[in-house]
Every structure is written in C-alpha cells, then in structure tokens.
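In what follows, structures are represented as structure tokens.
You will see chain A twice below: alongside chain B first, and alongside chain C after that.
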Partner chain A sequence: MSEKNKIPEVDIVIDQEAGVIREVKPDKLRSKKGHERRVNTSIYVTLVLMSIIWLAPFVFLVFQSFRSYLTESGGMVNYLLPKQWSLDNYTWLLTDPSSDFLRWYGNTLIIALFCSVLQTFMVLSVSYALSRLRFKGRKLIMNVVLVLGMFPGFLTMIILYFLLRQLGLTQDGAVPGLILIYVASSGMGYYISKGFFDTIPKSLDESARIDGATRSQVFRLIIMPLAKPIVIYTILMAFMAPWGDYVFASYVAFGSKPNYNVAVGLYQWVNVNDYQGYFTRFCAGGVLVAVPVTVLFLALQKYYVEGVTGGAVKG
Partner chain B sequence: MAACGGNWIRGSGRKEKKHMASVTLEHVKKIYDKNVVAVHDFNLEIKDKEFVVFVGPSGCGKSTTLRMIAGLEDISDGILKIDDRVVNDVEPKDRDIAMVFQNYALYPHITVYENLAFSLRLRKMDKEEIHRRVIQAADILGITEYLGRKPKALSGGQRQRVAIGRAIVRNAKVFLMDEPLSNLDAKLRNQMRAEIILLRKRVNTTFVYVTHDQTEAMTLGDRIVVMKDGYIQQVGTPQEVFDTPVNLFVAGFIGSPQMNFLKAHLTKEGSGYAVELLGAKIPLNEDQNQVLAKKGFGSKDIILGVRPEHTTVLFDNTQNAIECTIDVNEMMGSELHLHLSSKNGDRIIVRLPTVDLTKEQRSSLAYGNKLYITFPAKVVHLFDPETEASLING
Partner chain C sequence: MADLEYFKLSKPQKMLRGIGSFFARIPQGIVNGLKKLAQLVVSLFKGLGANIADLFTTFKNGDWKTRLSYLVMGFGSCARGQWGRGILFFLFQTVFNVYMFMPNAEFSGCYYLGKLSTLGTVETYKQGRKTVYGDNSFFILLYGVLTIFFIIAFIYTWRVNIKQNKINEQLLKSGHKLKTAKDDLDSLRDEQFHKTMLALPTLGVTVFTILPIFFMILVAFTNFDATHQPPGKLFTWVGWDNFNQLLAMDSASYGDTFRHVLLWTLIWAFFATFLNYFLGMLVAIMINKKGIKLKKMWRTILVMTIAIPQFVSLLYVSKMFAADGLVNTYLMKWGWISSPLPFWTDPVWARVTIIVINVWIGIPYLMLIATGILMNIPADLYESARIDGANAFQMYRKITLPYMLFVTGPYLLTSFTGNINNFNVIFLLSGGKPLSLDLAGGAGHTDLLITWLYKMTVNDTNYKLAAVIGILVFVVTAVINLIVYNMIPSVKNEEDFQ
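What follows is the complex of A and B.
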C-alpha cells in the first residue's frame, strides 16, 4: 500500500494489484500534489476564520456570565475576560427568591417537552398519511398547505390572541395556550418527513399488511424504525422552536410574569429592569438555556447520518 | 390462526388435511382514476391447491389482478371470493394469504429470523411455535445459517429465499407471487424455478404466480392465464395453450423462439381445405377439415402460424417446399436458429438440430444461401387476419 502510494522516482511503476505497467511522470504527480495541498490549506484557513467569527459571540457570552455582578460589575464593560471568575450570576439565578428564572425555565421546558411529543406525533402522522394513503382532496390539501405556509405566522397573531383569551389560555393560561398554538399548525411542516417516507419502498407496507399488520402497526413497527433519523430530526425541531420562541410567548403571556418563558423573562431584565445591573445575569441565563439543546444535539447527532434502509429491496 | 399449525408440512413430507382454498374471480374489473381500465371483466376459478400462472407482457393487468386478490388494490367492480367467502372489502391481513414481492420487500431493520417471525408475532402465536415454524421454513429453504443476519448482508438469491420463507411460515390458504424471480440473474433464476416446483410439492397449497416470462409460466403452472391489455386471452394447461392457441397473440407469446406468421390463402376444394402460400400447397387433415366445414368457412386470406421447431429444413427443392434465403445463423449449441426470409419478404425462424448435419451442410448454412422448408398440416395454426382469432381452436 505505502509502496505504491509513494511518489516514484522512476518513470515506470508496476501496479501489482491491477497487474499493469503504468507510466508515471513524477514531476507532474508532484505538482498535482502540491496544488492539492495549496487548495486544501486555503479551504481550511477560510473555514477556521468563519468558525471564529461564528463562535465569538458565544464565547463572549460565556465570559460575561462568569463576571460577578456583586464584586465587579453586572452591566456592560469594555473588556471581555472577567477580572475574577465567579459563579455569582448562576447562584443568583437558581437560588435568589427575587429571581423567577427557574419558574420560567420550567415553563419553557414543559412547553418544549409537550410540543416535542405532540408535534412529532402530528407531523409524522400527517406525513405518513400524505405519503401512503390516496384519498380525495389529497393534492388539494397539500397545495393549500403549501400556499398557507408562504404567509408568515405573525399574521395570525392578533386573532390568535383573542381566540386564546376567550378560552382563558392567555396570561395565567399561557403555558397550555402556547402548547396549543405550537402544536395546532405543526402538521403543516410535513414536507421533510413525507419526503423521507416516500423513499421507503411501498412494498414494505404492503408486505407487512399481508403479514397481518394494521396500518398503525405498519407505521409503528416498520416505518418508525426505518425513519429513525427523520423522527429524531422532527423531535429536535419540535423541541427547539418553542424553546427559543420570543414573539408568540411574549404576547400570549403578556404582563403575567410567572407565566413567561425564558426568552421573554430574560429580555424583561435587560429591557424593563436595570439594564446595567442585570446584563451578566442575562448572559448566565443564556448559557443555561443553551445547555439542554446542546446536550440533545450531541446525544442525537449520530442518528442524523444513520441510514437504515439498505437491503430493504433489491439494490 | 393457531389451528392452522396442524397443516404444517413436516420434514418427512407427511401432510395433514388442510382447509380448502379456492379463489374465484367473477367479472372483476379494475378502473383507475380518469377511466383508465387496467383489467376488464376477469373471470376465473382457481381450484384448491392449483398452481395458476398469470402471464403476459408488461401492462397487461396481471400484477393488478394479483394485487386485487391480495387486497392491495380496490376492486372496481365484480366479486372476488376466497373459499366461497366474498372478500372484496376484507383487509389484506384478514384474507389469509401470503405474498412474495418482486423486490422481496424484506424488513431491513430486523434480522432474517425476525423477518420470518414477524407475521406470527402479529398473530400473538406462542414463542415455541414461532421458533419451530421459523426453523422449519429456514430448513426447507436452506437459510438456517443466515437467520441472525440482516437482509442487507444477504445476496439476491438468499433474500429471495427469505421472502419465500416469510410466506411459508404463515401457512396461508393462498400463496401469491409477483414476478419473484425477475430480479435474479439467469442462472439463479433457473435454479430458483426448480426450487419453487419443489416448494410447491412441499407446501401443497393454492398458488397464484405472476410472470412475464413464458418459460416460467410453462414450467410452473398447472394452468396458464395469458393476458393482454387487461383481457384474458386464453386459460388452459401449458400443453393446451401451446398446442391450441386461440389467437395470434397467444400463439406468438407462448413458445420460444416465437411462432412464425405467414400470409396465406385458405382454399376450399370440394369437402376439403388446403392452404396455399409462397407457391406451396398444403392440404389440411381430416380433423381440421371437419372443424372448418362445421364453421362454414369458404376460401379466404388467412395468417398461417407454424412453430420454429415444427418445420423441416431441406437442402434441395422438392414439391411444396418453400424457398427461403438465410439471413442469420445463430448457433445455440445442440441446435441452430436460422433466421430466413421468404421470396415475398416474410421472416421465418426455424430450429435445426445440429446432430444430424454433415460438414458440407453446416458450411452451406451461411448468409445469402438458399434453403427449403416444409411442414405437415397437423402443425399449422390458422388465424383470421382481421379478428386475429384462430379458425380452428376456441
């Protein structure tokens, strides 16, 4: 292996594996290799620069979160590294009686967990139905959903607020109200998973149905295991959207502090409250918000790339 | 379902009594959206333990019909019965059928063992019985050593065996096979064809088999259903379909190389008939005369069909021989396939066994040389050029 891959000093090499004699011009080979190296180097330099630019705000955020609001300064300063590393911000967030952070965190977590379960169920069911069942109006539904999807969700904000209000799902009822909003329209995001289901051969469904499975058993026992990457993707997306949502959460919970989600609550600190005093605690809150999402991604990323349909049919 | 366990074929080949499993199709139609008719008025009764093959070119409706029997396609019109029970609106899982798909349709995320056990687990059969059946099926098909593998670690032939095994363990009333061999290479296909014949003997149940390959149809079927454009052309045993095709299509589709069709003229002379073509005159035999007279045919233009294996090749001209020129000489080993053209441009293929040929004769079979062919009356098929129906059969 290594013998063959070396740049030869002679003009003729015998490729033993292929059993042929090859004429190689060493100079040409060398210059090709050099060209490759130059291209690679420039690609890597660009990538490193891009990732530095991309990562910088996060790194700064983390630095700020370790600057004590008690002994140093809780506001904006003109240096990056804290003079003294401290966990004061985190301690305050998690333990101080005047901090609503845990409450907000809990609200957000409840919303996100409910959404990731209900929304995943909705999206996958809609996708499966649209991928496998043929019924009157199927095309129409898909087209209508496509057109509706072109309008931004904010257009419905005001009417949704009044509807939720009539149901008592604003302010004090903001958490269930938000779950309802997020889940209700989620079936519209079926495109990606439908596309994935379309690649699973239909004959697997048919075979399972003949083997004695009901449609729901086909879905659970055959399609779900094969669609693992897309299921994981859907769960992640369903978790992330409400986790970081600000717009809907801020007006549904408007004015009711205990029912905020983290994004709205944290923003209140730097907006309404003492902006200079709360900045580092805001940063610490941001870091804590990033933790579960990061953990989720790290834990589930291998499923993204895992293709499991190999060997299903001839190929 | 557990009661079916008794019908399982033991390794010794001992068989136990099994419930009847006939399939009846009465005026079955399949009409897709936009009035595309895939199957017209399909009538057939498949008897218990019969092996019926649907054969025809692609798009003839054979797979659609099979899928209607399976319950994977809705039946637009007509009645489908399995065992005298109308099953038009019965879910596939409740029809007690097993099916082997062209692309195998193995479940890729579970092992071969679990693939075989899947249907039994759905029926909540007890574990020991499942194990026994899986092991037995694997044994029959010779896939025991692959039970722990996933489908993607198997070759095409092994996957096909697993697919068949999945149908065997079910011990279903009816076995449906949708072109199960067409994804295999030629050698493996021949081997699996023989294995299906053996399998059929062992699992002795009703088979419906779809193929576009007439060889498979001829070798496997008790009866063949030849289809074209959604219509049944002919139903019969392989011998019947081969010997007495009812129309041009069946005559051309069954048999390889395909039957030669030549323009000819039927003449009535007294009580007898004769066929004239290319300067030759072939008096028909007694049976043929009787049928033609009974149907009241006069003299008319016809299409004459004669199979390549039924022609006699002569190297010298004799009376009533047809003069031809050699276009192509295909060496098939034990025989030659000669592609000839007649004086008026008809193309004719003849099969000529090589064993009796002299060296001179062989060397004379070259492009452009003349050759003479004859055939007796008993091997000719007569067709109406307009309706394409056989004048004698059907």
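What follows is the complex of A and C.
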C-alpha cells in the first residue's frame, strides 16, 4: 500500500506543454494508478502462461529423453515423468554399434561448418557488390534473382539430384554434394546483408577512394571491419540451416544410411520405422542436436535480432 | 472525390471506400504490370536491332584485323598486342567448336540439339538377355538445354569480341594506348571489382538454379512420369496437356484436387501471415510496456522456438497431438474426454491445429521484428497523445498500428509469399494428412501446393505434374507480388535509404 502514499494530494495539474491548467480529482489519479497495476498484472499473467506454453514441449522432450529404455518403454506412453530416470537412450545413441547417430552428427557438423564459411563468402560478395558498387546490369541481376526466388525451391530437386550423381556426389558423396547445393545458390539470399551495407554511409568509401584506395581495398579495409554484426549473422544462419534440412538431405543421401544428416536420421526414426520403439531415442537425439545449436543461437542472439529487424524494415 | 468530401464521410463509409478503392485498383495494378512487361519486350527488341546494326557498321568500317575477328575470335586482340584477352577469346571459341562438332557424335552439342525436337526416337529394348539402350530422353533434354545456354553464351562472347575490336580501333586512331593484361587484372580489383565478386555466385546460380528451373519448365510440357522413365522408356513433348489436366474444371482429373489444395494454400498463407503478425505485435507491445520487468528473459524464452531446429520441435509437437500423444492421453486421464481428439485425422481439426501451432512458431519471430520497430516510434507521439487523453487502445490504433503497417508493408508481402511455400511446418506437423479418397495425386487435406509438389516428385515420380505445380506456384506468387507492388503508390526507392 506504499503506492498510495506516492499519489500527490492535489487537485490541480499544470500541463506545461499545452500551457493550461487542468483540474484532476485525486481519486481519478488513484484509479488510474490502480488501472495501471491491473494492466501490468494481467500482462504478467499472460507472459507467464505464454512462457509455460512455449517451454513445455522442450521440457517434455528432455523428460522423455531420460526415460529408461530397458525397464520402461521406448515408445510413447501416457505419462510424462519417467518412472526411472536413466541415460539409456543417450548411451545407446553414442555407443551402440547399430546406432549411426554419431556419424550423422558428424556429417551435419561438417556440412554446417563448411556452409558457414563458404556461404558467408558468397552472400557477402553478392550483397556488397549490389549494395555499394554501381555497374551496368545491377538492376537486372536484382530483378532476375527476385523472379527466380518466386519458383518453389523443391521444383528442381530431381535435376539437382541428377547433376550431383553425375559428379559422384550422391549417397556416399552426399556430404560434399549437400555442401555444393547449399552453397551454390546461396548468393540469392543477399537481401538482409545488402540492407545492412546500404546503411553504411557512402562518404566513407568516397573519402577512401580519394585517398587512392582501390575498390577491393575499400571492401577489405574499410567496410569489412564495420560489418562484423552482419558477418556474424550470416555465419550463424548458414551454420544453423543444415541442422534442420530434411528434404534435400534425404533426397541426395537416399537409402545410404551412414550418409544421412541428423534431420533425416531422426525423422525416419519417428515416421518410417516403428516409432514406438524409437521415440525416446528420437527425444534424446533431439536434445543432443538442440542443445549446442540453441546455446550458440542464444549467445549470438543480439546479432540475429539486428539482422531480422533490419531486414524486415528494409523489406 | 475531393479531399474535403472524403473528410465529411463517417467512419464506416471511409472504410468502405478504402476497401472499394483497394479492389478498384486491382485492374489498374494488372494493367500497370502488363504495361511494364510490354515495355520490357519492346526495349529488348530495340536493343537487339541496334546490336545487329552495329555489327554491320563495324564490319564495314573496320580494318582487316577487325573483319577477321568475325571468324576467328580474339584475332584482333592478339594482332593489336592484347595477347591475354585474345587467347581467352580464342580458347573459348575452340572449346565451343569442339563441344558442338565433336567427332564422337554421341556427346556433341549438335547431336543433342538435333534430337531436342523429339526427345529421342529409339526405344530401349532387350535382345536376348542383353539390354540395348536407345535414346535417353532425360539426357537429350538436359544437354539440349545446356547446349542452348552454351550457344547464347557464345553469341554474347562473340559480340563482346567484336565490340572490343571496334573500341580498340577507335582508341588507336585517337592515339591512346591499349590496356595490357596487367591493367586488366588490376581493374578486376578496382573498376571491375563487381565482376570479381559476382563471378562465383553467378556461376553457382546459373548451374544450380537457372538451368534446373529452365529444365523443369520444359518438363512441364512433356509426359515425363513413372511410366515414361529413362533409360528404359522415352518421354516426349505433349504441349499444354499437363496444364489442361491440372486446370480442368471436371472432377474426374486433377482439377478438383488442385483447386482444393490451392484454396487451402491461400487460406493458410493468410492466417499464417496476419494472425502471427497481430499476435506477435501484441506480445511485443506487452513485453515493451513501461513497468514490465525481466524484458530480456521473456524474449529469450520465446526465442527458444527459433533456436531449436524445427525438425526437433515440430516433430515432437506433432507427436504430442497424436491420438496416443501426451495431450490426448492426459485429457483422457483427467476424464475431460472419452476418446482421443482427432487433431490429425479430421480435416478441419488438422487445419486449425496447424494454424495454432504455427502461431507458436511465428510469434517469437514477429515479436523480435515488432520490438525493433516499436523502439523507433518517436516517444513524444505517445506523450502528446496521452496528454490529449487518449487511452491505450486509441494510441495503438492511431499511432502504433499505422506506423507498423507502413514500415512492415513489404515484409508482410514477402512473408505471405513465404508462407505459400512454407514446407517445413506442414511437412513436419501433418505431412499433408489426413488423406482423402476425393483427392487425386496422393494429396491430403492439409497439403500445400509445395508439399503436394514434393509428394509428386518423391512418391509418385510424376515429374510432369510436379513441374506444372511449380510453375503455377510461381504464377500465383508473381501475380500477388505484381498487384501489391503496383498498388503501393510509391514503390520504395532504393537510393532513398542511403
């Protein structure tokens, strides 16, 4: 009830901006404060409820991953908390000879690492060229990319598969094949980083050019050091995408189990195999995939937020 | 109607007028788009004409070095001392000639080009135990397309080669020196820096996007499907047959299914875009409200759904709502329901469930975007509104919403088209199910065009219809984009931001 004491016991309020004196009844002020508090309380209630809804599936996932495979069931059961907590599923994933999980994990990690380097290189060169260099055909390139982007990505799946097969990059070569597919067209996703480059003042380039720097020097020595946030954003996105790709990964690695990525492997556990036996293993695998990616993402959250907000505003 | 009259109208009237003018402008938008297209075609032909004319005059006025370059690419460059450029031109021509007229006819460009009109005539057959392979339609189409690309590239390079001769001649005449190979290399780091930066990405996009799309557009006009699979069988051109099949108005063929799936795709895109947009904005406003503590924590909790790979979160949530999933079993345990709710088995339930779960996915993303924008709204706007006695809802409607809509207009458009192609959510949650006997081509009630396309490709190997669906998705997206862009009065001027 200390709030009450703060309310001034006056009935005249001077509105400086409008230059008028208004009469305000003290009880009206008080009710306004009360209203404010009620609003805040209901917001807190909503936010707490939302937090529960948003976190629940992940908490459940973790719970179920710790359910004992040996003494309980590995499938879906009608209770949430394991009767016996154990690391059965994790041990199976990581040590059992019939589990390909470590292999899949390695595949995905390799793809993600290569993509984060190569894709960043592609995206940054395209966005830099389109944002800060002026040349004939620039608008044309942007329009062509816009039109190409309107075709659904999976349309070309068979032909890409065929191209990769000609190069020997399917099944056993699925990992380099996928890297090639992801990287080759990644230049088309230049929008967000171009938006970022657009915001760096042009006068910087111009003064460097007057001092005799070439355009490539401007890029390397002037702009790149300023572009740290967008570089990190691009790396982050390129690193995270391969973890979730199912479609191309399953198509390119078709039938060759050791060359799956985690998404394909785990998806098939849940949907193709008898998932009743693999459900808790899926949960454990999901936890192992989600934890490092999530930690990385949350650590770099700031850059992600800058990227999406900048990108959305610029359209 | 004059502005004054407009202000005299009452609110509902204004709204009606707004909606009316929105639809009234649609034809205008279409017309504008068509006009632009026509202008493009005209300018294309004009450019072509000018180029051909220039070819003749260059030949007429040029010296013998230039004239010989019409036949032997790079000759003029070499003869004038630009060895680097000249040799590159010559090499390109040699490679092209070898490819086109290879002695081993099976692999030459001409061979594939010649077969392109029929896509092969010699069937594969069995002679005793041995299989004798005939023509492979797939190869013919693919290498035919490649050859066409190569020819276009050749013509372009040939043209550049001649233009260079002309420029060099003029330079020499006026007493300038020609660029050396070193100058050329240096310029790649300076004036021509864009070429250095764009070379690799352009190559990648050409081989892995443009060429495949071109190929698939052609496939839409063939009968390439499970019964016409090379190398065993041939496929051939069928014209517009596939389009007719998919767009037919009778219910016997794919027409009904296509309309059904298209309708759901649009409904889905609408809800997925706008529901998420307004709810996400609401959440952002709540978190950013003055006096709410732990802002960062709330945001981080929500952002978890972005961080965790979708195949983990969506697959898990999908299983949560299954008939034997946690939600149903707990509801039954508590005695609220006696039999499992048909989350994934009833068409309407499945659709609503998907839209609701998508809100769970989408709110965090929009919350982040809206937060960034909300912070940019000048605070004094709210201050003066408060002094004038506006309540929270009025401020939202008069300040926040218009500002947000203005700034995020283009984003809404991209998000709408993105949702038309939102494969992951549908595929991981329901896989397009529930299936129905009324629908052809293995489509289910929650299939979007894009997931249907995927099923066509992977399950049915019905490539021709998959290609048609892909093209139609493109058409839908392009039409929506064209109309909306032409209706936004001032198309964003890129340079304004800089």
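One rule holds for everything that comes next: the second predicted complex is superposed on the first by the 262 of 315 C-alpha atoms of A that agree within 3 Å, B and C clash if a C-alpha of one lies under 4 Å from a C-alpha of the other, contacts with A are read in each partner's own complex, and residues count from 1 in each chain.
By definition in this document, a residue touches a chain if its C-beta (ideal position, glycine included) is under 8 Å from a C-beta of that chain, and two chains touch if they have at least 3 such contacts.
Just so we're clear, the structure is a prediction, and the values are computed from it rather than from any experiment.
J.: Looking at A:L169, would you say it contacts chain B, chain C, both, or neither? Reply first, second, both or neither.
T.: After superposing on A, A:L169 lies clear of both chain B and chain C.
J.: Under the stated touch criterion, which partner chain does A:D198 make contact with: chain B (first), chain C (second), both, or neither?
T.: In the superposition, A:D198 contacts chain C only.
J.: Output check: A:V270 vs chain B and chain C. Expected answer is one of first, second, both, neither. What do you get?
T.: Once the two structures are laid over each other on A, A:V270 reaches chain C alone.
J.: Per the contact definition in the header, classify A:I179: touching chain B only (first), chain C only (second), both, or neither.
T.: neither
J.: More residues of chain A are touched by which chain, chain B or chain C?
T.: C
J.: Have a look at where A:D211 lands relative to chain B and chain C in the superposition and call it first, second, both or neither.
T.: In the superposition, A:D211 touches chain B alone.
J.: In the overlaid three-chain picture, which partner chain does A:I222 touch, first (chain B) or second (chain C), both, or neither?
T.: first
J.: Determine, under the contact definition given at the top, whether A:A249 touches first (chain B), second (chain C), both, or neither.
T.: Neither: A:A249 stays clear of chain B and chain C.
J.: What part of chain A is shared between its chain B contacts and its chain C contacts?
T.: Touching chain B in the first complex and chain C in the second, residues 214, 217, 308-310, 312-314 of chain A appear in both lists.
J.: Which residues, counting only chain A, touch chain C once they are in their complex?
T.: 15, 17-18, 36, 39-40, 43-44, 46-47, 50-51, 53-55, 57-58, 60-61, 76-80, 122, 125-126, 128-129, 133, 135, 138, 141, 145, 147-148, 150-160, 162-163, 180-181, 183-188, 198-199, 202, 214-217, 219, 240, 243-244, 246-247, 251, 263, 266-267, 270-271, 275, 279, 282-283, 286, 289-290, 293-294, 297-298, 301, 304-305, 308-310, 312-315
J.: Can you check the complex and tell me which residues of chain A touch chain B?
T.: 201, 203-204, 206-214, 217, 221-222, 225-226, 308-314
J.: Under the touch definition given earlier, write down the residues of chain B that touch chain A in their complex.
T.: 70-72, 91-93, 97-99, 101-110, 118-119, 122-123, 150-154, 156, 159, 166, 170, 183
J.: Quick check: in the complex, which residue numbers of chain C touch chain A?
T.: Where chain C meets chain A, its residues are 138, 142, 186, 189-191, 193-194, 196-198, 200-202, 204-205, 207-213, 215-216, 283, 286-287, 289, 291-292, 298, 300-313, 315-317, 319-320, 322, 324-326, 329-330, 332-333, 360, 364-365, 368-369, 371-373, 384, 387, 392, 407-411, 413-414, 417, 421, 423-424, 427-428, 431, 449-450, 453-454, 457-458, 463, 466-467, 470, 473-474, 477-478, 481, 492, 494, 497-498.
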